[in-house]
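Per-chain residue numbering starts at 1, and chain names A, B, C and D are given in the order in which the chains are listed.
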Amino acid sequence: MAEFPGLEVSAAVAARLPDWDDIVAYLRNRPGDTVPDVLRAADRSGVPAIQPRCGVGGHAEMLALLRELALSAPSVLSVTIDSYTRLRQFDVAARVLAEEPARLNGYPLVAHGWQRGRELADAVPVPLEVRHGSPDGRDLFATALAAGITSFEGGGIGYNLPYCKDVPLDVSLRSWQQVDAACGALADAGVLVDRELFGTLTAVLVPPSISLAVTLLEAVAAAREGVRCISISYPQGGEIHQDVAALRAVRTLAARYLDPRVEVFPVLHQFMGAFPADPAWASGLILHGALTARLGGASKVVNKTEQEARGLPDADANGKGIRLTAVGASSMFDFVELDADRVAEELHWIEEEVAELVEPVLAEEDLLAAIGAAFRTGRLDVPFSASVHARNQVIPRRDPGGAIRYADHSALPFSGATRRRHAALLAGSAPAPRPGPGEITAVIRDISYFADRTPARTP
Amino acid sequence: MTPLPTDQPRTVILGVAASDAHAVANQLICRLLRAHGFHVVNLGVCTPLHEFADALDAEPAAEAILIGSVNGHAYADLRDLPELRRQGRLDRPVVLGGNLSVGAHKRSADLDRLTALGVDHIVTGLSELLPLLDTLHAARQPAPQHG
Amino acid sequence: MAEFPGLEVSAAVAARLPDWDDIVAYLRNRPGDTVPDVLRAADRSGVPAIQPRCGVGGHAEMLALLRELALSAPSVLSVTIDSYTRLRQFDVAARVLAEEPARLNGYPLVAHGWQRGRELADAVPVPLEVRHGSPDGRDLFATALAAGITSFEGGGIGYNLPYCKDVPLDVSLRSWQQVDAACGALADAGVLVDRELFGTLTAVLVPPSISLAVTLLEAVAAAREGVRCISISYPQGGEIHQDVAALRAVRTLAARYLDPRVEVFPVLHQFMGAFPADPAWASGLILHGALTARLGGASKVVNKTEQEARGLPDADANGKGIRLTAVGASSMFDFVELDADRVAEELHWIEEEVAELVEPVLAEEDLLAAIGAAFRTGRLDVPFSASVHARNQVIPRRDPGGAIRYADHSALPFSGATRRRHAALLAGSAPAPRPGPGEITAVIRDISYFADRTPARTP
Amino acid sequence: MTPLPTDQPRTVILGVAASDAHAVANQLICRLLRAHGFHVVNLGVCTPLHEFADALDAEPAAEAILIGSVNGHAYADLRDLPELRRQGRLDRPVVLGGNLSVGAHKRSADLDRLTALGVDHIVTGLSELLPLLDTLHAARQPAPQHG
């Protein structure tokens, strides 16, 4: 049975894995670019790396999918994990896999085992990342490492609140602390793991300062455990000045709050809310996201597809999404200039708001405990939380220009200036309706900001 | 079960299927029904079927069980429905909505096998939900002993 | 046999047409929006009208095509005519139509006859335009009018030099003079015909001032015959500051040189040169064209499709092209700002160059004769002329930013300032190679500016 | 025909099919061949087949007839080829290039029927042209009386 430094892996999973030293030796000698290599190259070139989400249940199907997507020249490929594995229901994942793999919404890596994972990693000329959504991803992490995969998404807040109902933050934060500690040990052993933090959160109307505050706290926690390479993702909200400012804020905030030995890479997730079903609007939005990524200086962009609103995309649609993203981030759109003053103003306020959110938490002795407490008291919160461990009382709205603002900041510890600004920006919107059907209609309208534009130019 | 006085709020049980963490539609539907005067027992995301059964035991006045599933796992997440029904549990109309199979190309077989499991109503758009609940309510009145 | 005021129609065609008065009465009473109505509405809204090219040989197939495209909500639909009809080979068109209509590259309206034309016009809720490329379009024009179609493309230069080998300009100009005179008569009778002038010319590396000079001369000639509604098309070259300036120049030049009673509408033809075969690059270029149209204040944009490089598009690809154009011209891309100084500078020089080209010609007594003479002596010219009646000595090149400049202006009567500017702008390019394989490679590189970007991100 | 002295430029006849006005490829190919030392008789766009035959009569030294067609009308524009050949005309390799049928979805039958008309070589890319001309030239040497 394998022993992992600082990382508690369940006995059943550990029993199937190679020894830690063998894993480290294997990782050290893997040929080819790693995700950090790819991200550094992207930063040098000014053109973001591109990565699709992709995961299907069957192993042969997964190999075929990766190989087909590789033809569209992504920079990184994903192993997107199914929901059962995310929730540690490895047995259900294994059962559905045996019955009918196509019914799984991702690749059950633990059920398939690390040897098959290596086959995936060897099948394509680009590095892989495991993307999941596990409040407790330790077993999956150990399996991914054994498979030779050194880019691993997740964090104690971002992979808890959107992804499960009732896992206390303390539990998820401590389990991710172990993952980060293992990454620290690997860094010492010369293996650099890219840890991506899921700033997308619940994906729908997430105010930038909430996304950035959460990933910043996770990043500080990870850095303290020795993590040396952090990708910080931010979900495109759709108002480009705000989104570009948020992406730039990833770098300015990292410079302000993080150990300078940590490399930080901003990542844009193309629009993560309700996607337009119409292929033309979907294509437009994909291109819009690619532009946003490049203008915001993202190191990487995770692409969407024309089929997003319908279901898991087929390989064809996903390849198209990758290629359209490449076009949108290419010199073809070099001419696009943004109103620099507007971006600067958004950036200023985002930095300000994030400071107001994170500084009280960072001031505490025990960071992880402080995070849990802040969510309990509402000094941190996310809208549409899936989990009962966030208050779910913040109400976001779009302002008349489409930017996401706080209609109700609830108990977030914002300054008077911040509050007044949001109130003023929303003053131009339809007045916040009373609770009741009218309010729901207003929220649905904001959620459907892009989804509603379908079909284009109905005759 | 005894018939409710007509001025009592109508009760429904709402939740998202066992493996599914998508919360947005669930919260909107909850608010919508409450705005229309319903008493909603919202079990939230990632709710195994037996928790729906437990909730019904605790709230026998509930008129329907509303289950959302958008992550594509509806079938696997609901596969214990026949077993629970055999045990005499969940004996209310089960209304299912969302994105009910994996993939961008849907086939009618995807829905057929959910119906075969015992799902009573499959709803596509939110706008169908209130009329359906009213129909179910009306159908219930002449036979108040149904539950 | 029908008699047309001022318009000589061949006996065979005239014999099949209704009387002039019946045609006028029919046109006067046609319900629905006309093309001028659509263009005025577009100008009011600031969102360009959208029109696909479309024409297939068979009548039933053409009806089906128009109906299917109407579902994508174009503003205007086209009846694109086949090459035989364009060249007045009505008999060959009729023969291929009888044998296998799918082998025709457009709709042979003369062979089908005006009654079927009316069926086309009645089949869809938007007005139609006849797009062709006939050096002598009189028979086609008479048939189109009888069919109830009052938007007709073409002019004595733009439908000659790119479209045939050896029709003297004098001949084509005189035949289009008759078309314009008939439009003047119709205007007096209360029927406004939209006459679109084909500034696209040979489509490949056309310098803006050549396109604008040609359409301006045609417009002045048309206005003198009484035409009251002129659409002036310009082909997207691909450098957006230059293209936006050229579109804006359509309005400023019209104000300077045209009778103020004439309504003028700028039209953008999405990129008309060698198109990328890769669907992602093609989509990007379509979106790029839509942005250009809106930023340039075009009243209308004629869309391309993902299949442009392969062959006549199917209805599906064409519908997608329409919808993607609508997305690109929508508020989704409102945020795009251009460098205003750069646009202003391009506009200044385009106006200047056009003045240098057209003013000597406009100063002559007999405009049509002067045009012919100018092309004979090279004071007007087009690159890649299909016709022997232009000198074909101007050599265009792309500058390092992609804008189209004169590497050799040959005998064009440009001022010293204009010449020095082009020389300076191209100084940054690879030096103009000597005639020989090197020179051809350089020209092919410029022609393939977009086509080469295929496939996107080859792995 | 008498064999040419080897230092004479090699001659080809070039043009675009009868209904086709696309000039760009034609002009590039003309310049390219001239840059490689060919004597090119360029008939330009919209050239009916009998004009190619007339040009060959006038330039019997020509080694090949190069016809471009991109507007989709290759078949209809070349349909007199068998008739002209029957008359003993155009007895040189006919090389065809461009976009040879209408529509974005090409089938091999489109090319087959062009071959059936008597087209000797169908060329896809420009880069194939010079090697093909060299091959044709070499094949010609041993049988100088071919024309």
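Quick note on the criterion: a contact is a pair of C-beta atoms (placed from the backbone, for glycine too) under 8 Å apart; a residue touches a chain by one contact, two chains touch by 3 or more.
Values in this document were obtained by computation on a predicted structure and should not be read as measured data.
Undergrad: Which chains end up together, and which apart, when subunit C is taken out?
TA: Minus subunit C, contact groups: A, B | D.
Undergrad: If we look at subunit C and subunit D, which chains touch each of them?
TA: The shared contacts of subunit C and subunit D amount to nothing, since no chain touches both.
Undergrad: Rounded to the nearest whole Å, what is the centre-to-centre distance of subunit B and subunit D, using the mean of the C-alpha atoms as each centre?
TA: Here the centre of subunit D sits 73 Å away from the centre of subunit B.
Undergrad: Roughly how many whole angstrom separate the Cα centroids of subunit A and subunit D?
TA: Measuring from centre to centre gives 59 Å for this pair.
Undergrad: Nearest whole angstrom, what separates the Cα centre of subunit A from the Cα centre of subunit B?
TA: Measuring from centre to centre gives 31 Å for this pair.
Undergrad: If each chain is a dot and touching chains are joined, what shape do you get: line, ring, star, complete or other?
TA: Graph shape here is a line: each chain touches the next, no loop.
Undergrad: Who touches whom among the chains?
TA: Listed by label, chains in contact pair as A-B, A-C, C-D.
Undergrad: In the complex of these two chains, what residues of subunit D are touching subunit C?
TA: Interface residues on subunit D, with respect to subunit C: 19-24, 27-28, 31-32, 35-36, 44-47, 71-73, 75-76, 99, 101-106.
Undergrad: Could you list, by residue number, the parts of subunit A that touch subunit B in their complex?
TA: Checking each residue of subunit A against subunit B gives 83-84, 87, 89, 92, 96, 102-105, 133, 162-165, 202, 204, 307, 310-314, 317, 384-386, 388, 392, 435-437, 439-440, 443-444, 447.
Undergrad: Considering only the defined contacts, which subunit C positions touch subunit A in the complex?
TA: 50, 70-73, 125, 240-241, 278-281, 283-285, 287-288, 320, 322-324, 326-328, 330, 332-333, 335-339, 450, 453, 455-459
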